[in-house]
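Per-chain numbering from 1; labels A, B, C, D and E assigned in written order.
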């Protein structure tokens, strides 16, 4: 333990990983919460430190777990993209875990609190692990951790439908996980290595083999299931709708994002160089899927009566944006995808936290129950408004930055029509956000409900996230810089996909 | 920092109002509102000497996008717009005080909050130092005014609110943002630069035309013809909103944007090669909306169409791509603002005092509401462009600009529009003064509360004063148009 | 020796097949339980044979585990299967499927 | 050649079973058959020389899974409701996925092909040729599992822990059945089981520690340990077992196992090494340090065993103590 | 330069007028009389011939005050007219009329002293704005509409002036209001001429006059008759003196109103037509453009303001007392309103150019000037027109109003202030007629008759007087004859439409037509869009509902999708 900084990469994972069993050991609600929060804060501190270091031109030395060489053991190789995602994950957790205290007390039976926090931490650990690791199989292991805990967390929703939702997610998730595992297995079979770095060098040599291609297909579909790309999104709406507020917020902000990151990594670092010839047709196919996802998600969001569900569908649309950025295959588009990943996480996380506030006070997130709530819970509603604006992509909010870059990407790719579609789609966001705003501010409640403003312990974390959407919409340098560098890293490491 | 104050003060005012709305009496809240308006105007005035001295005070907030920061810079045009918006905020705040009380409106705290926000964003538009900042505040302005449009919360208000937000946002996102993006993509900069930034970078007239179309139609706040519908719809809002926002701040933000884009993004030289169709559209807008105004009975709707037509004056001025016309356009922002705000004030005062909103009901109001109708008359003259009212000067430069551009037809358009505006404004005056009021009115009509009447008298007098004291405004603007005017 | 091991291996496989058919067909619960039990036994034998066939006698460890597990599984079936259902009905059900 | 023949026959069995399971609406039959399925696959693993996997498959797939599934069947109906989606869908899924998989085999190196890169790679070579000198453990699988890729194993242990947490989260607060299921009134089973349990436990310990030399290790041992308790719970009643192994303690053991594993890693940090760098244990500074490796592997295997055992038992408790809905 | 010299003449009236509404109702009218007096004093004391005030404003060099003889004579007469009108209206209890009347007069005066086109435009428009209230003040439905029409046309004149000024400024860089007729007219100057032409009621542009004047209040008409058109005459004299094509225009102007006047029933409208006809004389004078002709135009304007004011005053008195000026409703008032009758006859005689009355003194100047310039035809036309004037104004007005058949109105004589105003006007008519050289001395060229060796023109030569008498006698004969033979157009209550159908009918139709055209063009698209959105909404909502109902199959479908996608990607990667 000579230098904690030196071990930061692994501590990012180990600290929450250790915290989870510790929580189970102590079986105390408050203590669980404190431990979870501390763990997430530690991770946030760690990832920011690493991000700063890399952003400042430094490098994080490859971390050899068990002291073994990369080709023998497992290594953590933190680059800018890793650090970026880690910062996002731990940042979201650091806020959501704080928020969890009040919300969990409201939604989860006391006796299960410690399990809940343990699962939350495990999920967090899994996602962090997927993001940081430099080993293909290790990705799968952490995917399993995050998925399993995710299923359980979703099932904790009060609505009985939460169980079914979780079950469906389990089926789909397992399918995805299996596909990914198959893909990794195939790759290992052909190359004899699991180290991503080595894989990326080795795979191009075997790009022509059916095994590697099948591996690519499996990994692509597997990650697409996990990130809920249209048409593999079906598990998502119910999960986000019926999960406990904290879980909705946490998963919506992190789970799909990490999957996207994995897809990104696989696409650019493994497949990119290998499949140059297939790039064009492949990309147009993905653009097609992404666009359908964007429009379908937005359109369905418009039709929803439950705001959580609405947000869930909007997530599908936003995922479409990210994938779109990926498939544009240029620096701006990719930057857009990565920064949208970040911004959307903040925004959607914040919005789901707002939903948590409503759940706490109203026990419902149905639009008709929210009628006229703007007056009773002005601060909560203000948070929703800001988040909604960010979702729409209004300037000075984070959402704008990402849409900007996506649009620039479309321009750079010479696709004017795409620019138009992107902008049109963000109008759909206006429609569904304003449906809620209209009801909340200008609707007349069916019956006068006597509710108060959400408690500070909920509002504060909500505002941290919501505020950050504004902060990162104006002071974009650190994150945008990281996103851009990540994009460049991806583009240079795999060649142009 | 100093130039940030006029933007921040209204935003803080919004906050203050929210707080006061909860803890203090309504009078305290509204008093604070007025006070802050005055303070704000004071700070705006502080900047004027700097700008007159040729300085361009600037303030850098953050590098939002690399090379496209959130950045404020005060140049004469923006200074002018800020002066108008913040200056007219004071009478409007007093007026709103009286109006909202007189009308027993609900949700007044929200109203004043959004109001202050809108002013802040409008000044933000004015002080924007580059296109992206301008776009940001333009959008913010849209959203901050939405609650004001739907203020009454009834079905009508909601419907109008949807149209309002629908048109404004869809145009700004689909067209204006595309335009901004394209400019950025094509030129790599978005800073406002005298002489334009596109010139020299893009030479295909088709692309320039498309860009121009994106900006002209994207700025739906300027209410060019296919996208003008939101403005009449916005009239469901309480009158102070119609007055300050939908006659001054919001719509002027639109034309201000077009003006700025034409001067600083396209540059006159480039613009003059592709401006034909835009001028035609603007001219059509002028005539069309004037004609529509002639047929409307609802006073506020009529004024709204009049506003559309007057806005198109400015767009036409901007489109004519010469310094003189642009000067006229800039002047018209001021002149029309003062005139139109008075008209709306009057419409509101009539609503408060007489509960009338249709022209056909306004017989004989002049005797019961002498001050209001006198102000209405004066402001009408100003809108028509008669001397000795401020409207003359802007029209003078606009027409001169039309000649400069070699477009006599648009000179005729301006002239014709003046006549049409007589057609839709003067009958109201005539009715009010020279028709017998109905017997019912004898008892129920009374002058609006003094808080409503005082501001409208002030602005009416202001429209006269602007005729005599227009020179400073010209002095202020002259640096932009150096060499073009005289 | 190898021949012997081979023949026994195939013999065991054949018996496994028979057990399998019974387990698949049923039609009663008892048929299935018995078939599974028998199949487990066959597996133990089979692993033993294969172990010798491939010269890896340490596979017997595994065979041991199988025997244990087979026992436990059968206990579980007995313990948790509700035998109150009429076997005939069970058979009928099977017809339908 | 013979082996090939056997393999083919076993695979045929697998196909048949899979199809029968797919077509059957009788869940009891399906459970029985899936037990057989896992036995056959275990045989296949053995033939493919993946004995550790076969071990696990037998213990978990054939044993504990069957038990748990029986318990579940006991709680619900054993008839599957007719499917909602068109029947052609599952076929489509199978065909498409299978098609891709079959396509993938086109360029696949032949099984056991010594020229295949997987056998030629630096990684494999290191495992095969250097593992003994580095850890003095003859079973390469154990070294890879617990040391080279010990971090993955920590992850897998965490997966088990996660599963346990998930189950506890979902079933943590179930009402216990009011009328406990009837005891098996069969003295043979009772006596047989009672006699067997100590040997199972002993065998489990053997598996735990024999992992260094042959197939076995924490995972398998944990399952065996749990199997003994499960047997106890079945022939007597889960409530009796609870007295021997209180649920609360077992739950804590799940966590403790993971903690033990992680603690080893963290201890390595404190000793100045990297995470899970066993070389620093019992170190005099030399490298490689087989003693350190050895003790490290022993400890983490213990952790794994602990977690797996406790997790399995927890699962059993949660299900077995649950009354029929 | 004192402060007073910075105030253009007439501004005192305008500013003072603003105070009128603040005074007690009874005193408003009386105090209004003071304003022209004060303003006159201001004019006389502060300015002298040749005074110029230059200053720079909005980047333009402006000359808001320029005093020369041409402007002075109009300044004087405008003051006189304002005074008379104010006196006439003194008892009216309507602040708006006093206010607008004074502003109107003041603006006209100021316009006459404007040295540049912007100032001219400002006051030009101000006359339009202020005068319209005098029309509206009748408070009838008719007058309200008419006022708007009037305003539109007046402002149109203003904006055309503005356009012309702009074009001039753009072309030549000057805004000076000088004689534009030196070297032909270019576009800008033509445009300016059009502006003047509207106000001067040139043929086909004249209808506002006959439309509006009869609809104004009885006192308002008096104001109206004095300023607007005469200001235009001033402007023409200043800017277009010697523009020869004004001569035929003027001739037409003198002739055609006669016919309309003869058939018109409303006597005020008759007067309005006759006003038009009188303007024709002045336009001819300006068109001829010789110093004498210009003097004639000015003198005629001067005299005309007085006698036409007088006639309108008398008709106003009738209107006030009887409530109408329809000839068919009037008659026999001479017994009830003897003074008014007398004053009216003086006015009528004056306009008919009886010698010893002002009309004669003025008109003969123009006729002579025409004759001197060798424009024989013009001279004859003017003669004919004079006869026509006699016909409709000189005889018809007094005859039908005060004599003819007795309509039996039992009314009082006009109030004393009105009589006084009429009296002053009548006195002036006579004074000028008797002693024309006083008027001549005020003229821009002092009435110098260059044809007769540079002496002041002498109207009372034998030839002049004789010709005039012959003319008058024949006209009177003709009238008597026509009446006798019952062929004189009867007084029918009807509105005679002439050119004004253009803006009464065509323009509104044009507006509504364009609008409906627009609607036709735009609304189908809008409707289609609306329908489409409805259709889309319905379709999508159906789709939503469908999607909502399928629940349990989702994961099954998802698996199928996954497999399909897998195959797709596989194919893509293989290709």
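The rule we apply is simple: a residue touches a chain if its C-beta (ideal position, glycine included) is under 8 Å from a C-beta of that chain, and two chains touch if they have at least 3 such contacts.
Source: prediction; values computed, not measured.
J.: Applying the touch definition from the top, give me the chains sitting in contact with each of chain C and chain D.
T.: Of all the chains present, none is in contact with both chain C and chain D.
J.: Identify the chains adjacent to both chain D and chain E in the sense defined at the top.
T.: A chain counts here if it touches both chain D and chain E, which gives A.
J.: Taking each chain's centre as the mean of its C-alpha atoms, which one ends up farthest from the centre of chain E?
T.: Ranked by distance of C-alpha centres from chain E, the top chain is C.
J.: When the mean CA coordinate of each chain is compared with the mean CA coordinate of the whole protein, which chain is closest?
T.: Central by C-alpha mean position: chain B.
J.: On a C-alpha centroid basis, what's the spacing between chain B and chain C, in Å?
T.: About 87 Å, centre to centre.
J.: Which integer distance in Å separates the CA centroid of chain B from that of chain D?
T.: 74
J.: Chain A to chain E: how many Å between their CA centres?
T.: 78
J.: In whole angstrom, how far does the Cα centroid of chain A sit from the Cα centroid of chain D?
T.: Centres of chain A and chain D (C-alpha means) sit 31 Å apart.
J.: Among the residues of chain D, which ones contact at least 2 other chains?
T.: 100, 103
J.: Scan chain E for residues touching two or more other chains and write them down.
T.: Answer for chain E, listing residues that touch two or more other chains: 557, 559, 562, 566, 570, 574.
J.: Give the residues of chain C touching no fewer than two other chains, as numbers and ranges.
T.: none
J.: Judged by the touch rule stated earlier, which pairs of chains are there in contact?
T.: Those chain pairs which touch are A-B, A-D, A-E, B-E, C-D, D-E.
J.: Per the contact definition, I'd like the list of chain D residues that touch chain C in the complex.
T.: Counting only chain D, the residues touching chain C are 2-3, 5-6, 9-10, 13, 16-17, 20, 23-26, 28-29, 32-33, 35-36, 39-40, 42-43, 46-47, 49, 51, 54-55, 58-59, 62-63, 66-67, 70-71, 73-74, 79, 181, 184, 189, 192-193, 196, 200, 203, 207, 210, 214-216, 220, 224, 227, 230-231, 234-235.
J.: In their complex, what parts of chain D are in touch with chain A?
T.: Chain D residues touching chain A: 100-101, 103-109, 116-124, 126-127, 147-152, 154-156, 158-159, 161-163, 165-170, 172-173, 251-252, 254-256, 258-259, 262, 265-266, 269-270, 272-279.
J.: If we count contacts the way the header does, which residues on chain C are in touch with chain D in the complex?
T.: By the definition above, chain C touches chain D via 2, 6, 9-10, 13, 16-17, 19-20, 23-24, 26, 29, 32-33, 35-36, 39-40, 43, 46-47, 50-51, 53-54, 56, 58-59, 61-62, 64-66, 68-73, 75-82, 93-94, 96-97.
J.: What residues on chain E touch chain D, complex-wise?
T.: Counting only chain E, the residues touching chain D are 552-553, 556-557, 559-560, 562-564, 566-567, 570, 574.
J.: List the residues on chain A that touch chain B in their complex, please.
T.: 375, 378, 389, 392-396, 400-401, 404, 407-408, 411-412, 419-420, 423-424, 426-427, 430, 434, 438, 441-444, 473-477, 480, 484
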